[in-house]
Structures are given as C-alpha cells and as structure tokens.
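Multiple structures follow.
Note that chain A is present in both complexes that follow, paired respectively with chain B and with chain C.
Right, the complex of A and B next:
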C-alpha cells in the first residue's frame, strides 16, 4: 500500500450490467504506472462505473481488475491499494480536516501520523486550516482536503471522480494545473473521470473517450484531437466540420474528393477505413484550421489548398476570435474560427467568401460513421 | 501635521446601522402572533398546573378539613425517605428499558435507513402501527402473552432461559408475570417507537458516500460503523434515549399491569397518593422530586454525550 511506484492498472473484459441495461460493455484497458489517465465522456457513458469497479465500489459483471499484476477483482474496497477522490468530496463532517486526512493512516494502524498529515496538508496548502471542520471550508478547499485524504495513503492508483465538477470555471482551471503539478510531484497513477474535454486534454497524458459504455478511442490528447477515429470523438473533442464527399480518385498517397462543385484533397493516411473510388466518405476539418477570404480576394488564395465557396450567415465576436458560420453549397454549414489579428471589415453576415485550408489538416472516415455523434456537447469554449 | 486635523473618531463610534425595516418604526410582529397560541397553551396547561402543584406540595391538612399552605417543606424529605426504593426502581427499570430499546431499535433503524429499499415506508408505518391501538390495551395484551402457563413461559422454561433470568434476579418462581422482567419488557415494548424514529431520522440523513469513502480509506465495515456511522447518528441516539427514558421513568401502567407490589415504580406511588390515599401534598412533592431527578439525569447525560444540537 505504501509502494509509490505502483504498477499498471489492467482491466480485462470488464463489464457491468444492471438488469437489462448495460452500463459498461466488455472493456480492455491498460493504464501505465505513473501516468495521468482520463476517462472522458458525457454523463451516463459508463466512465464513473468503470472507475468504481477499479475502486471496488461496484462488482463487475464480467472481467477482472488487476493492479500491478495482482488480481484484485474479488477484494473489497478497504483491501485495495487504491484511493478515491469522490465527486462531492464525501468528507467526514464530524471530523476536522486533520482527522479527515489522517483517517486512512489510522485505519492501517499507523500511530504517529502527525508528520505525514502535516506534510500532506502542506502539499495542498491547507496547513493553517487543520482544525477546521469541512463545512467551514470553501468548495475549493474541501476539494484539496479530499485530495490530501486520498494522497496521504500513497495508493498505487488515485481515482478522481469528476473532482472539479463543483468548482467555478476559474478555480477549476487553477486546480487543473495544481492537480497536474501534484501528480508529477508524487508520481502516483491518476485515473481521472470527467465530462469536460478541455479538462481531460489539459491534464491527462492519455485520454480514453467513452460513449454508451464503450471506449471510442484512446490516445494522447493531441492525437485524439488531430486524428479522431470516430465521428463521436471528432465532435466530442472540440468541434468538427464533417463534409459528405465522394471519392473520385484514390491513390496510396492521396484521395481526391468531390463535394458538390468543390474538389477536396485528403491524405490517404488520414482517412480511417479503406476508401475506394466511388465510395462516399466524411471529410473533417477543425474550424480553427479553416481560413476565410472575401470573395474579391479569391485569387490570392494559394494553389493546392482545399477551397469551398460560401456565404457568411452568422458572425459571433468572442474577443480572441470570431466564430463564423458559413453556408456553402458544396459542404453545407461550415464553422470557422478566425483569430482577431487583422479583422477584415467586409467579413460580415451576407458577404460572399472563400474558405480554404491545407489538405494536410483534413481527416476522413468511411461513411458508415454517422456525423451526428457527439454533437450534443456544446462547442468548445474559445479557440 | 497638526493634531487638530486628525480625523474625528466619530466614524468608529458611529451608531450601529438601523435594523432592516426599522426606519419606518414598524416591527414585524408576525412571529409573535404565531407564537401566541403555543404560549397560551403552555401557560394554561403547563405553567398554571405547575404553580398549583408547587403550592399543593407545601400545604398541610386533610381532605375533611381542607388543605392550607403552611410552607411545610418537610413533606419533600418525608416523601423521599419513604419512597426512595420506588425512585431507584424507576430509574433502574427505565434505564434498562432504554438500553434495550437502543439495542433493539438501532439495528432496526439502520436496516430501514440503509437496506430497506422500497420497503422503507412500509416498515416505518409498521414501527408506528402500535399507536393505532391504545397504550392500555397493548399493555393488557402483554399481560396475556406473559401469563402463567402461556406458550411464552412454557418455551422459556423449557429452554431454561427463566432459570438464567431468575439467577440474575429479574424473575422468580418460573413465571414471567409479576416480575421485574415483565415490567422492563413492557416498558421496552411501549417506548421502542420513540427510540426508532429519531434514530432513523438521523441515520437516514447520513450520505451513503461517506460509507464508501470510509471503505475506500481502509476501514472495515465494522470500523466504518464505529468511526463514521455511529458518531454521525449521535443526535438520534441522544434524542431517542431521552424520548424513551423520560416517559418510561414516570410510567405506572406497566408496573401496575405487569408487575406485583414488589415492582411498584414512583409513578404508581404518585397515582395512588393522588387517587386512593388522597394525600395531595405528598403526591405533589413526589412529582416535583421526580421531575428534578429526571432533569438532573438528562442534564448530565447531554453534557456527557456532548450533543447540544438536540436541545
């Protein structure tokens, strides 16, 4: 339990069903020791159930949980070298902060807890509040107590269940950095459950995007963002423009697509699934990677870029950026985020424009993927 | 800089800001109007009888000649010296019954609060179901249940349980009726709902995630109970024990119906002094001594259990 290096968390074929409802479909997942791992998904996608199965608070219907090579599936929570930061902290209201933090040590029969408790409270910067009761603390402070109470035990794995969900936006950003700092400092494996894609991308080394009880994609945040493998991931992580297009020509390097009158190019390695000439696929492009030029300057757009003509229907000024919605005949509605560096006064609703982007930034799926997946997530804040 | 220019300290000594709504000179009287019926009730049915009883307790005289206030405080001392065994018995029986209520009621309240699921409301109704029948009838029913030659006595005799209780001193002569055990059982039965309901209320308020958190922090199930659940249910324990102990120590029905002359409690003495012997001063004095004793016991208990929230 005091082994700080820990080991991998390995879930093999783990699933959970409640009656006829399947919360988690059989799932294989390995979290490498010492990593910061995020389970990301909308509420009800099975991410918290997965976390609770690692903690031992739910019994998996099938499958096994291994911690550092040891099968712990049959162990009750109090025998697992795992600690949890609960969603609403679950601090003991009848104990002061000091005793809350010392709880785990005392249960393991450790008598002299003072030094460790003081050090841990120092780590989360709560030293002076040791004798307060939880209800006398602010949300952010309670969050730190919950973290200290778990960390002091040096678990092999620290499980965090939406730990920042109850905090306001500014405090949440601050705690994200702090959690990352603490994780680096203590080197414990963190498994973090969140529905906030920015939170997951800002903190985690590896993100698993879950949807309807399944892992859709797993990888480094930048990989997930740049190379989404499913439409769900493309839409859940940030915003994507998905354009239905027909493959006109396919080579090993490149796919030539036609969408209406527009001709688009897509590097073959960035298209998921085999696409042959004549297939219909979805081509995706992130809004911030699309450039916008007034129709009068269409000539200045460099050759070799994907280009689509359209008409601005909406422009929202966001401070750092402006978010445009452009209606195109070839590709439907396209969202475009432009940095407000040099604003072109002509780019107002009603203006005819040319959208263009580098083919390198285009990604594609074969069309059995449905493009509405994941769009219930509000578009990412800012750019 | 001249000292004369120092800012006047008036701002520090400024009068406190007027209370909200005070500017118009009108106070909101609604709370007082709402309190009025309760206060009247207490005055007529609590304060006035108390004063009347207090004056009775220091009167002398007889029924034929009439009673007059003579400030005869010796009545208190006489009552105490004559009836102290009944006082001790009351505290002992009520205390034992309260403890039994706690032992029986806690697991029940715990089960209803955490394990009952959709049966929870039904079980709560069952807890208060005895109240649909009169206290007197229910205690008379116990008389039948515990009667000599009844199945309960037979079974307990066959199992030699009664030999054990006799050895402890709770029963005698292979019977249950007219023994201390019968009175204590009656008290336990009659005041059990008063224990269960506050216990349930305080257990039900405990966030089940605290149990998960304790388990997650290496507490075994029993340790979780000892370190988290029980401390958090203390307000219910204190309220329940008070609600059971206070009426039980003044009760006389159970001792009257289930006990013999050797099990008389102070309530029986007060009842017979008032209604049979017609010695009103002694009865009033006994009532006041009982009240003072209960207040003292409750005061010490609350201080010991460290719970100010429930009073």
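Right, the complex of A and C next:
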C-alpha cells in the first residue's frame, strides 16, 4: 500500500488455538525487510495458519503482528499492506485477467490503472492474454495472474501459500526461478509457505522448519542442511542417517564416539549442545557423503575417516546415482548415495562392504531432541 | 439397418422434442382458428381475428394483468428472501439450521391441493380478506423453496477463498459482497427468479383456494371459461407467452456464450 519497498514482519508470541486443538504454539519470528523467507513443514504443521494470521484472514489467539514497525494485529485484511497468492490462486472467475489484476488498484480508488496493469502483465509475460478469463488459462498462466494481481499493489509483504503446489514438476522448477527473479527485481519481502523442501531451499534466503505448531529450526538453507539440530529437521530436509552413539571422550575440538564396535569422530563445533563423556547423542551423516568400499579393499580406506562395516541389503539404480541400503551391526541401517562415475561391479546385495566418511561431514545433536520433536524415521526411507 | 443404428440417438432426440413441442404447436395453430360455436376444439378455417383483437374477450386481459402483477411481485419477494435464506443456510451454522433446511423443501414436496386448502383455512380464520394480497403471500411462499435451492447450490460450490482474496485485495466487506459474491451467485439467483415467475404465473390450484371474488388470475380465467366456451384469445396469449419465454432463454444463452468467447 505504501511505496516503501519491503517491510519487516515481526510476530511476537503469536498463537492460534481452535477449541482444544493448538494449530500454532506461541511463536516469535522476525522476517527481515526485502528477504525471501520460507515456512517449511508437512501439512497440518501450522505454517498456513501462521501465514493467514499475517494476512489478517485469521485472528491470533495470543500475540501481535507487526509490519514495518506498525502493529496491525487488530486491522482487518483489507486494511493491511500485504497481499496473498493463494493456493489454487482464487482468481475471480467472473472477471477477465485484466480486471483480476486491476482489482486491488480499483478498490483503493485509483482511476487510471491501465499503465500499471499493462506493466505488471508484462512483468509476468501475460500481456496478450489480458482479455481472457481465468478458466481459459493453463495452470502456470493462472499462477502468474495470481502473482501479478498481488504484486501490482506493491505490498510491504507478499505472502505465498503453496503457490506452486498445483503445477507439474517441470513447470514448478521453472516457476521457482521466475519467482526468485521477480523477488530480486521488485525487492518486496516474500513469505513463502511450502511443504516442498527442495523448493524452500532453492528459493529462500531463510527457512523456518515447522513441525506440530512449532518452529523447529531457522536458518539459511545450507546451514539447515549441514547442521540440522533435531531429528525432524534432519529427515525433513533430505535424508539423514542417524546413529545413536555414546561420547567416550570430549575435548574442545573433537568428540570421540562409540557406536557398537565402531569408533566415530565428530568435530565439537558441529555438535549442538554441550556433550560430556558418557552422554548419548545422535551422530548424523548425509547419504551422499558416505563412501562405499568392498570389504576386500578395506585397506585402501585412508586413515582418519569414520568407518563402519556392513552388508549391502538393497541397491537401487537411479541413473545418475545408485542408492544402497547397508545393514551394519554398529549403526543399524545406513543409506548411501553413490554417484555412478566408476561403478564397482562387486557392490551388489549380499556383498560385505566398508562405509567411510570424513569426520568433518558428521553432525550431532542431543539424543533427547528426538523425543521432543516427532519420531525418528528409519534411515534410507526417503522423505 | 446400419443407417438406423447410427442415427438412433438423433431420431430418439427428435421424437422427444416433438413430444415436448407438439402441445405448443397445437395451441399456436388453433390461435388462428375461426371456430363455429363457443368451443375452439375443431379446426374450421384460418383467421387472424383473435390476434387482431387479443383483448376482445370480457375480463380476460384484466386477469392477465393481475397474473403478471402477482408474478412480478412474487418473483421479487421470493428472490430477495430466498437469496438471503440461501446465504444464511450455506454460510452460517446456527441452532435450527437443519430444521430450516428441511422445512424449506416442504412446499416443493407437499401436494398443492393440501397446501392451498390449508392456507385458505388459515386466511379465513385470521379474517383476512381474500384477494391480491392473499394470492401474493401464497405465491411467495411456494416460490421461496425453489429460489433457496437454486441459490444455495451456487453459494455452496463457491470457493470461500475468492472472498478472502477480495478482502486481501483491499475490498471492504460491502465491496466484497457487491463485486465478488453477488456476481458469482448471480446465475443461481437468476435461475431462481425465472423459475419463480413461471411457477407463479401459471399456478392454479393454490391460487384458486386463496383468491377473492374480484381477483381472477389468468389460469383461473382459462379454467372458468373452459366450462362455458373457450375463446381463441386464450390461444393467442398462450402462444405469446411461449414465444416470450423462448426469447428470454435464447437471449440468456447468447449473452452467456458471447461472454465465454470474449
């Protein structure tokens, strides 16, 4: 509504309960002005409710919503300087594309809308379709109309509720790039709700992972992926092998862990929470960071790497890579993704192998984090 | 044989259409008749007398005017009330909602004779004078259920996010209703209104129980005159109504398809 580009969103102690069901637990969240922020989580985790509270379509049970320093908690949706791209777009079926896009301007009493509408339709490359009706457009085109209809108002914050959910995979990837380009171009704060972890990581500057009405972890996509702090995050963003291990020795630099007969090393800075000797923690390793060697060549594995012995139970050929499931005595089942560069013909189900990886790539967190947030998923079961 | 098999659907369709249209054709043809005697039941000779003098029969055009008047007001009343009820039933959860939902269907399900007679008894006991107002009240009542049914179906199938989107795009609650809700519900409202008009205009049974000596509607006039003799003008009015109705539907269709194409 104002011409300041962007505006930060500050949620303080915001929560939502429906009867006895708590959709969102009291939550503090700050989205910096001009950033691309993603709320990521499975369906029913409270991410859409959070978004709708920012839009004003849902009244928070407790807490306040601030936009650019102004408390808007009591304002109805039509008085808030935010616009939403709805799931399934919610385009007005009785209006053509031009009038759909012009809707917000007209409601604010702006008379000459032509120039702005034309420019905005240009931005989303829909100029020639201005006089069509929504139902005559493809899903991808409708998606862009929904975006144009919101962007034309220069909102302080643009809210996107699963905007790409209804598109097929190829179009989704294309629209991800497009959205990112538009966000950079207009500089408006984007808050994007999605259940697709790849989508969140590909587009957002900051991702908040939500589970059961709480934010489990918040950070840059790479940090979340490399250093998940809970079991849920470790398995929602990609797949993780989580190994229950006991801390044998702890120094400022490094933790020495024992899991069965295997000894593992973990850099202290990659372990969340203080771990002392005797504590039980979960050590994690991403499947693509594990290397696989046939047992006959165990000697060629360099010194200093974490190593675990096991037996291949399953191998799935995926074209660019092969996904193995390896049963180990020390660490249970471990998933391994191997690039198909030089395939070792002996790596078939039944073969004895040695798994090894760099201690640097290991992360760890308190084993209790598992019991607080969700259940652990068995390694190898893709998310 | 193969030709028959291939065209069976078309033949069946044409036969059904003929079945539907034949009575109207007879009415139209006999509107050009010049009957000998008082009954217009056998073809005699071609004449345009009745068309040149449509109001040539005593009291007929008066009853036609009354019918049109009642139909218009009944349509207006039933459409406004029915639309409001439909929105209430589709949008809000209140205590007697399911009871209202069922009761609304009662006029459609109940035999007209029963409803007409009981309504007449009610008016009589309330000492209300029979006439225009009793007929109008009765008509609004039985038209209501049709409007509610048509509008409710439309409102129920409407995506609630459309109204949220309008609010999100700076439309106040009133603007949201006028700019989004109403236009989207309009086809349902229009269907209910057209149905109301047709039902009210040709209702005989309920009207007969609730009319006064000075208020004779067109269907009542036709029925009454059928015992003494049927003037050709009845066929003229019938044909005219048929043509107008077909015209309205055609215009509606044309407008609809043009909107879709543009």
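Some notes on this structure:
We take it that the second predicted complex is superposed on the first by the 368 of 383 C-alpha atoms of A that agree within 3 Å, B and C clash if a C-alpha of one lies under 4 Å from a C-alpha of the other, contacts with A are read in each partner's own complex, and residues count from 1 in each chain.
Everything below uses one rule, namely that a residue touches a chain if its C-beta (ideal position, glycine included) is under 8 Å from a C-beta of that chain, and two chains touch if they have at least 3 such contacts.
Because the structure is predicted, anything quoted here is derived from the model rather than measured.
Steric overlap between chain B and chain C is present once the structures are superposed on chain A. Looking at the shared chain after the overlay, A:50 reaches neither chain B nor chain C. In the superposed model, A:77 makes contact with both chain B and chain C. By the touch criterion defined above, A:206 lies against neither chain B nor chain C after alignment on the C-alpha atoms of chain A. Touch criterion not met for A:197: it reaches neither chain B nor chain C.
In the superposition on chain A, A:131 makes contact with chain C only, while chain B stays out of contact range. Put simply, of the chain B stretches 9-17, 153-161 or 207-215, the part that bumps into chain C is 207-215. Common to the chain B-facing and chain C-facing surfaces of chain A are residues 1, 55-57, 76-79, 82-84, 86, 88, 90-94, 103-104, 107-108, 149-150, 153.
Within the complex formed with chain A, the residues of chain B that make contact are 207, 209-210, 212-220, 223, 227-228, 231-232. Per the touch definition, chain A reaches chain B in the complex via residues 1, 55-57, 76-79, 82-84, 86, 88, 90-94, 103-104, 107-108, 149-150, 153.
On the chain C side of its complex with chain A, the touching residues are 159, 161-162, 164-172, 175-176, 179-180, 183-184, 260, 262. Chain contact summary for the complex, chain A toward chain C: residues 1, 55-57, 76-79, 82-84, 86-88, 90-94, 96, 103-104, 107-108, 131, 133, 149-150, 153.
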